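Take a look at the following structure, please.
We call the chains A, B, C and D, going by the order they appear; numbering starts again at 1 in every chain.
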Amino acid sequence: MQFTAMILSNVEVSPGYWRMRMTAPPECAAARPGQFVMVRVNGAIDPLLRRPFGIFDVGTYIPAQSGAIPQPYMEMLYRVVGKGTAMLSTLHGSDLLDVLGPLGKGFDLGAADEEKLIVGGGVGLAPLYLLAKELVKGSKVRLFAGGRTRDDILCITEFERLGVECYTATEDGSLGECGLVTEALLRRLDQLKGRATVYACGPHGMLNAVAGIAAERNIPCQVSLEGYMACGVGACLGCVAPGHSHSAENPDYRCVCTEGPVFESGELKWRD
Amino acid sequence: MKPDNRPDMTVNLAGLPLRNPVMTASGTFGYGEEFAEYVDMESIGAFVTKGLSLKPRAGNPTPRIVETPGGMLNAIGLQNVGIDAFITKKVPYLRTVNTPAIANFFGNTVDEYAEMARRLDDIPEVAALEVNISCPNVKLGGIVFGTDPDCAASVVAACRAATNKPLIIKLSPNVTDVVLMARACEDAGADALSMINTLIGMAIDLNKRRPVLANVTGGFSGPAIKPVALRMVWQVAKAVKVPIIGIGGIMNAVDALEFMLAGATAVQVGTASFINPGAAQKIAEDMETWLIENGVADIKSLIGALES
Amino acid sequence: MKPDNRPDMTVNLAGLPLRNPVMTASGTFGYGEEFAEYVDMESIGAFVTKGLSLKPRAGNPTPRIVETPGGMLNAIGLQNVGIDAFITKKVPYLRTVNTPAIANFFGNTVDEYAEMARRLDDIPEVAALEVNISCPNVKLGGIVFGTDPDCAASVVAACRAATNKPLIIKLSPNVTDVVLMARACEDAGADALSMINTLIGMAIDLNKRRPVLANVTGGFSGPAIKPVALRMVWQVAKAVKVPIIGIGGIMNAVDALEFMLAGATAVQVGTASFINPGAAQKIAEDMETWLIENGVADIKSLIGALES
Amino acid sequence: MQFTAMILSNVEVSPGYWRMRMTAPPECAAARPGQFVMVRVNGAIDPLLRRPFGIFDVGTYIPAQSGAIPQPYMEMLYRVVGKGTAMLSTLHGSDLLDVLGPLGKGFDLGAADEEKLIVGGGVGLAPLYLLAKELVKGSKVRLFAGGRTRDDILCITEFERLGVECYTATEDGSLGECGLVTEALLRRLDQLKGRATVYACGPHGMLNAVAGIAAERNIPCQVSLEGYMACGVGACLGCVAPGHSHSAENPDYRCVCTEGPVFESGELKWRD
């Protein structure tokens, strides 16, 4: 669906990372974890295309005035990387935003009687919070959050408040372990007794590593991909990613916006 | 004005009556179904399918799209389900909507074009054919059909012989003389011309020192190209008798009406549907409002009505 | 890096050494003087004059310009003071600045082009000649020189015979095959190619039902056209040996560097100077900063350095 | 010169007409009446070109904080007609604006011992206020302000405060006389004893009429023209207007941005 959201707040939660809350119609606030929205940053032609963002959280708030009726909202967590996100970060409460969504398929929540291992790199955490919120209802959930440096580790407190056990790692050692977050994941998997499912979102290199680890150990793994998107509704075919049997001779592309953005890692082609 | 005071929005496109002149452009509206949630199909004049080919095509590696100032480049690589899957999987949807569906298609040889035209001619749900001639002729060393008048004419003639449905030829703007191309297509039997297809553009990622698109170059569309499209429609409208479908950067009703003044009988909305999936419907509605506000009883009176 | 740790910004354009690759584009920088308040002339590589002709030209009726999405159209009609007034009124200023001035010119016939080249060859203050071949050949029924390889080659050959100064040919983008045109000009004696000149576009005023420009069509420039320009520079750079000057929608240092990666030895800043009269200087400065930040010691190492 | 102005205020003075005050360096605040500025409404590409506006007023203000030093400012009076002016009208105090100017030649103030007749149509008043401010120093000044309707008659109080005698006319009679303001001008000219100069700015039809009236009576007349401008500095040659000897065969164009925008009406070609 397409709707006009009113921004409720837009705050920088870490240098370069912003969290925006906006009103959303009930259908959007009922989004499944892993779904995304396409935001029109500017009504004119610059930037021209919508920008895709994961749904970080949804909820209900009660407006400040007396006797007000609770309103559904959604949140995005975004990183300022270019023109569109820079413009987003200048918006204020009560500004309006043209939003398309929720789009795509979300995460499969799987069985309740297994451990859930969530791996997020930087702003890749964005769609994982809503996922964790659902998963904690029935499972033990652990979060592995990685980043280049301290500032890239986001919203850990929020995950902890859900009862998620959090492991953090930074490449420069400025927060948590020094190194890649996949090392902590590996250690946990070594200790693992029962069944588990891995969920991951972040830079492609990280997803590649996580998918490899999960495949080796035969653990189900879902990853959320990014892709350059023009439409978000399966029409432009810009966003595709190679499927598992893809080769230059026998190409096999999956549409990230409609078949994804969440895929079973086994469905996709990974670098070896 | 009609009895209910609403202007007459109908146009006739080479024998195909349209409830209004607003169509969607090939490759920007999927096979129709993708937009069912956003567009009341019966609010637009017609819709055009993704470009079809004999065999399914997987398309190009990624990245396939990139934004540019006021526009975008795409190098989708003509990904499509192929004619067989089109018939089994996509045509059933066409049956459910009371709006003409136009099949856009392409080939690598003149024979492939003709074969496609024959196959599509057999499908009752296909109201008209739109031929994308902006494809390389593999038999002639890759020269793009749509950039050579003889090549283009042979495609048109072959398709003409293969179908009785309205035959629309979609012109490439990447030519020195678009009027020459238009005349060649008209003479070879085109019932209508749609124009323009994308310009050819390129984008570079300075930091990576690489082209942004895996395919290096891509098709350039969006508001940025409108001045070129409008100029070409105007040039061709003066030179041919067949109706023209104006395409290129149409974002709103004003843009669409400008194309009609320049000589277009109908328009296609492309990139705009990515930005607003409901764009085509909104444009059709706003055009009607404009007509009412400006006391124009019949939209046909605007076709080619540019004063100079 | 040079001893003082500043990167080497110099390039050599067909024998003309430039302190940096940033030039201003013809028709967007007057005769230089107009910008003296805004640009330190010695901060840029070279500047190009308004297009000159044998006789003064008054230009087209108004409106002559109109904004379009991300770009603009102009139909100035090549208004210029003519070669005689250029010599008496404009050349004295050129003498005062220590930066190469390049004279852009055009003609209506091959002979006029040759005559202009001869006249300009005599002016010591003119460092190089840039030939605008996007003009109609009045002897050949108005066919634009720059859209026909033979026509273009005859202009180039005639100018070549008339001057020993570096001869830059400015290519039109309104062609099917820009590589063909580039090769024809190279073979006929061009020392360098500048590209692109404006696309041809049109804008309509819906309410007036008229073209916005008195001339109906106009030259399309600005950021909107950058993807087309970049593509053409890249195509031609692979096909010719002479240096290329990249032009089209360059607004900032990143744009300029992208053109160099695509194969340009230098760039020209056009429309951007209207928006920021100091644009060319700022771009040259920002390019140097980029080189420093990215550890590039010599800007020449970027020319054609696109990976693929 | 090119400078960054800080907006001090931006208020709608009549429906669709706005008055904006902004900081200006002393060189710009010293602009001559009739000069103009080119404003970059948006730092991105939409709109791409600068927009030209007359200088309505200049002055000095004292910032609110204690001990502050007086600052020069300039004002524009503008009408919202399209994209650029619509965006201008959304700006607020303390927003920044990229300004080029003062540009062009201003009005010639002429001799002090004659009557000054100022004719303004709608927002054509914009460059006439600063002119009136100068002229009242030495001459009797009368203003003839016309418009389609009441809302198009702007800032009359400000002119009256200068001691200018104001005549107004609207085509629909909603304010002042019903009809064209040139009728009031004609009546005044009929009564005129001594010498006078006419100054006019407004729609081209009005200027044409005023120039005709002045020519008939041999009264010096200066008009301020508009023209589609890309550069404002004489480089693009987009803004030209036909000079008096202009014909299709012998074109004679004047550059509005550098030779104008103010011309002696006799220098220009008018419709008969």
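Assume contacts are C-beta pairs under 8 Å (C-beta built on N, C-alpha and C of every residue); 3 or more make two chains touch, one makes a residue touch a chain.
Source: prediction; values computed, not measured.
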Both-way neighbours, i.e. chains that touch chain D and touch chain A: B, C
Pair sharing more residue contacts (C-beta pairs) when B-D is set against C-D: C-D
Whole-Å separation of chain centres (CA-atom averages), chain A against chain C: 47
Chain B-chain C separation of Cα centroids, rounded to whole Å: 34
Junction residues of chain A - those touching two or more other chains: 45-46
Overlap residues in chain B, where contacts from two or more other chains coincide: 69-71, 222-223
Graph class of chain-chain contacts, one of line, ring, star, complete, other: complete
Residues of chain C touching chain B in the complex: 68-71, 73, 147, 174-177, 199-204, 206, 208-211, 216-217, 220, 222-228, 230-231, 234, 249, 254, 257-258, 261-262, 305-308
Complex contacts: residues of chain D adjacent to chain A: 44-46, 83
Sites on chain A touched by chain B in the complex: 1-2, 40, 45-50, 100, 227-231, 233-241, 250-253, 258
Chain C residues touching chain D - in the complex, by the definition given at the top: 27-30, 34-35, 37-38, 50, 58-59, 61-67, 69-72, 74, 76, 79, 222-223, 251, 271, 273-278
Partner chain A, residues of chain C touching it in the complex: 69-70
